[in-house]
Amino acid sequence: MVLEVLNLVAGYWKIPVVEDISIRVDKGEIVALLGPNGSGKSTILKSIMGFAKVFKGRIIYNGLDVTGVPANRLVRMGIGYVPQVSNIFGSLTVKENLEIGAYLRKEKVEDDVEEVLEFFPELKGMLRRRADSLSGGERQLLALARALMGKPRLLLLDEPTASLSPKTALNVFSKIVEIRDEGIPILMAEQNVLKTLEVSDKAYILVSGKCIASGSSEEILKDEDLGKLYLGLK
Amino acid sequence: MPDPLMYALDAVAYAGIFGMLSLSLNLEYGYTNLANFGKVAFFMVGAYVAAVMARMKYPFAVYALVASLVAGFIGLLTSLPALRLREDFLAITMIALGEVMKLIVKNEEWLAGGVWGLSGIPPAVVVQGLSFRERLLVQIALIYGCLVACYVVCELIAKSPYGRVLKTIREDELLAAAYGKNVFRYKACTFALGSAVSGLAGALFAQYIGTVSPYMFEPTVTFSVWMMVILGGPANNTGAVLGAFLVEGFHRSSRLLKDYIGLPLDPINLQVMLTALLVITVVFYRPQGMLKERITPLDRGLLKKLKPMYRRVKTWVRS
Amino acid sequence: MGSILNTDNLVKRFGGLTAVDKVTLNVEEESIVGLIGPNGSGKTTLFNVLTGVYRPDAGKIFFRRERIDGLQPHQVYIKGLVRTFQTPKIIQKMTVLDNVMLAVRNPGESLLAALFRRRRWMGFENRLRERALEILRFLGLDKHAYTPASELSGGQMKLLEIARALISEPKMMLLDEPTAGVNPVLAYTIFDRVEELRKRFGITFFIIEHRIELLMKYVDKVYVMHQGKLIAEGGPNDVMNNPDVVKVYLGSV
Amino acid sequence: MALIIYFFLFSPYRWWMVINWLQVLMNSLVWGCMYLLATVGLSLTYGLSRFPNFAHAEYITFGAYMAYMFFSILGLDLYLSVGLAVLSSALLGGLSYILLFKPLKSRGASLIHLMVASIGLGLLIRHTLMQVFGGGILSFKMIWSCIFIGPVVTTPLLLTAIVTAFIVAILLHILLMKTKLGKAIRATADNPELAAASGIDMDRVSLFTWLLGAALAGFSGVFLAMRSSLVPLLGWKVLLQAFAITLLGGIGSFYGTLAASFILSLSENLGVVALTWLGLSADYRSAVAFIVLVSTLIVKPEGLISTVKRRA
């Protein structure tokens, strides 16, 4: 078991957004957090990273209680995080974005850049461009690549395919599967339910901050009224 | 050894003048969150306009009015470019304005006497045959008359729907705009009013001291006024005046400390250093100031009348 | 009953991103209309364009047959179109009552009136206060009328937002996620109140809501937004059985 | 229009011929270098910590006084004195960040409170210096021989200043663009949350930036004081220019600051020419900075090079 979230109550300022959520991520798994927007998916990821307020509950990573540990130390412990918006450094070049991803490692990162570029050939020709000149899909790939540069042992992805065209989204999904196959477990919030269930191993369905269904992706996918379940209509 | 009573009265007069500056900054910063770091510029404009006009033998009422109008107008004009932007831009613009205004009075000898300043400004009220002390008392009466007027104006504003709009703008500009308030106009209006009050304080200052020179209007003056508001309590007019008294008392006592205890420090340096330390301490440990902002409905008197009415309505609804 | 708000090919771009893409919609008078769509589909941006926070790059907005595009937010408000915000915008350092009362344009809001003609606005203020108390009672907040707004709970803050929007006697209200961060019981209360307001005062509602299960019980019509475009409209059942909508929410395989 | 051009070029009073334009250019270059050193730290800390540090002026003054102390009072070697002065300035900047601004930020102090605290700190430093060294005018008893390059007069000090500024600019370029630390500084200024999520320790990066910024400010102070004299208002007198440059260049942008420094110094020197022509006092040169400041706010509030993220 890599990550375990126990009875989490989290939110912003005074308002809890998610209530009593428990999540488990095991080795080599893609675990999906699904639910309409406002259901608290992002909040869960942010509270793991320490960007949202944890009112109750515990977060355990590799057997250590990491509740309230600042983000830069979590990164040092091997957690990679890709936020949904502003997930790149717009005023830096693509190459610099990648180098910042490997900030914590002392050794030369040139080889890693090459390696990650093998993984994301789309980024190859644009290393010297300012990152805010990239298109939406390229930004998302860059964000993923940046997180991978840190050689994470757990990756948290917040809606990696939001506002991407279907084709680009498919590309991102296939990258995510490849990352999993490299042995990095992934906890991702997603809105593309069907596609996500197809690639994920386990899923939690959240509605209005509560978990209304969980289980292996196959089981959930089999549910005939998936749409209604997902929107909380069932 | 100076006359201690005179010294005390002088301090009281100063506190009155600075009380007005403090009230005006409270209006801008405390209620509207406008960072006017150029308070001294408007104070100086008021003082110089008053000095020039008083030497031309205009009566006090006229030159005080003109001084406030000119200061208010300059305030309005220079704040416009920065008002739509973030508060730090206004702060920088205003601090720069203070320096530029000083540059003008230093260099325009024909108008403002250059580095030597203007002297021989007659006091506003001249009564024949008064002793020095009595004349000082007349001055204090005049200054406190103006202070009370300013206080009343500020309180009326704070306890009116206008003040409620200012507070709304301070907390959330977008909210104010979404509920029909022309944020820009309110800010500009408040800034102009605050500057005008500073101009009036400047006019009082000029006729009280009898001479003006560029060296009286250093940025430390602005800082003292900020100190008064922050120490007294932003968005609390009583606090602002209290702050003025406290800071003035603090300044005087640090000077006395030098005179009577004989510290080997320059009094001005000591005063500024202690003030700076105090302000940092207050910002650190009590940013809400001595007197907190009161969270009450607009008009207490009105409320008292209203509560029984509210109760009556309640029983009526229940029956 | 005619239409109260309609837009014609409304466009708003941010750099290369088209946040609102040729939106043409029509809200009937005295109806409750929902606006749903996945995150980042441009719903809140649409609200911001409608209320003048952003200037549209193209297209027209008509409110009661009057052009309102290009107006400043405070001018839009004066026309009778009022909005609430996703995260409640509550002035912490005011009482609950003042938080409500600030919404109304008041003769005492001019500097001169505040100083010299106090009689004139005080009467208005008193009447306004009574109305505010009435509205607070309607929403169950009257007990807290004189407490600082910072002492309210998250759900109560949402109600306070609605109270504030109500007192301005709008013709139409735009509610941005009125039930986000609110417990289910209170969420139903909020929607019950909305329904009641529509009946009693004839206010039109346009509501962004994520709790689709809740929204569907109350609305007359739903618009579905996706990547800045309106992809479906119609009654709740039609929309929820529309394959395009399901596809938007569940994604494609 | 044609008349004006005709008058400008062929009028018998060709006043502009009398002016040594090369000298004006030279002065602009010198001042641009001084401004660059004085401003770059202000701009970087402003971009990173998101508030204008008014005490930056006092880092300049402090550096100058420290150099004076080491060189003229303690009689140390010139280069050593300057080095020590720069170090002590850096120390002052670092301490003010650790002891004042960082705890204030973590307490959630408002922007205005931060600005007030920085003004307070500035006054504290300035008056402490005045207490120790007196409020009068001091000077580094050094005599600079004049060097004539064609029609241009200069001194070895000014040439050194130019060379130093260019070296510093190149080093800064290398630091910010090529090293890991520099990239971390830019990343943190760009997007603090993502920087933290990349493992960057924001406190360390900020501390380094404050040290660096104050060190450069102190360096510029040494040159400013050696050029003319040492007064307690040394730094305050260039603060207006520093802010004009920061806003014109774009807050937190190194290249913007670089360009804006020379733009401002050129416009100031041209302004002085215009002022003498109009018969006004040359003291008004700092009004040029004010005009630049205000017009930046009106025309392009984000500055020449915006590091602030654009939406989406």
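As written, the chains take the letters A, B, C and D, and residue 1 is the first residue of each chain.
We adopt the following convention: a residue touches a chain if its C-beta (ideal position, glycine included) is under 8 Å from a C-beta of that chain, and two chains touch if they have at least 3 such contacts.
Since we're looking at a predicted model, the values are computed, not measured.
Under the contact definition, subunit A and subunit B share the contacting chains C, D. For the interfaces A-D and B-C, the C-beta contact count is higher for B-C. Relative to subunit C, the most remote chain by averaged C-alpha coordinates is D. With each centre defined as the average position of its C-alpha atoms, the distance from subunit C to subunit D rounds to 49 Å.
Note on chain placement: the centre of subunit A and the centre of subunit D lie 43 Å apart, centres being C-alpha means. Centre-to-centre spacing of subunit B and subunit C amounts to 41 Å, using the average Cα coordinate of each chain. As a whole-number value, the distance joining the C-alpha centres of subunit A and subunit C reads 32 Å. Counting partner chains per residue, subunit A has no residue touching two or more of them.
Shown for subunit D are the residues that touch two or more other chains, namely 310. Residue ranges on subunit C touching subunit A, taken from their complex, read 16-17, 38-40, 87, 153-154, 177, 180-181, 184, 210-213, 216, 227, 240, 246, 249-253. Taken together, the subunit A residues at the contact with subunit D in this complex read 49, 51, 70-72, 75-76, 81, 83, 86-92, 96, 99-101, 103-104, 132, 146, 150. Across the complex, subunit A meets subunit C through its residues 11-12, 14-17, 36-39, 84-85, 135-136, 159, 162-163, 166, 169, 190-196, 198, 207-208, 226-227, 230-233. Put simply, subunit B touches subunit D in their complex at residues 29, 33, 35, 37, 78, 81-82, 85-89, 91-93, 95-97, 99-100, 103, 106-107, 219-220, 223, 226, 230, 265-266, 268-270, 272-273, 275-277, 279-280, 283-284, 287.
Listing the residues of subunit B that touch subunit C in their complex gives 153, 156-157, 160-165, 167-168, 171-172, 174-183, 189, 193, 235, 293, 295-299, 302-303, 306, 309-310, 313, 317.
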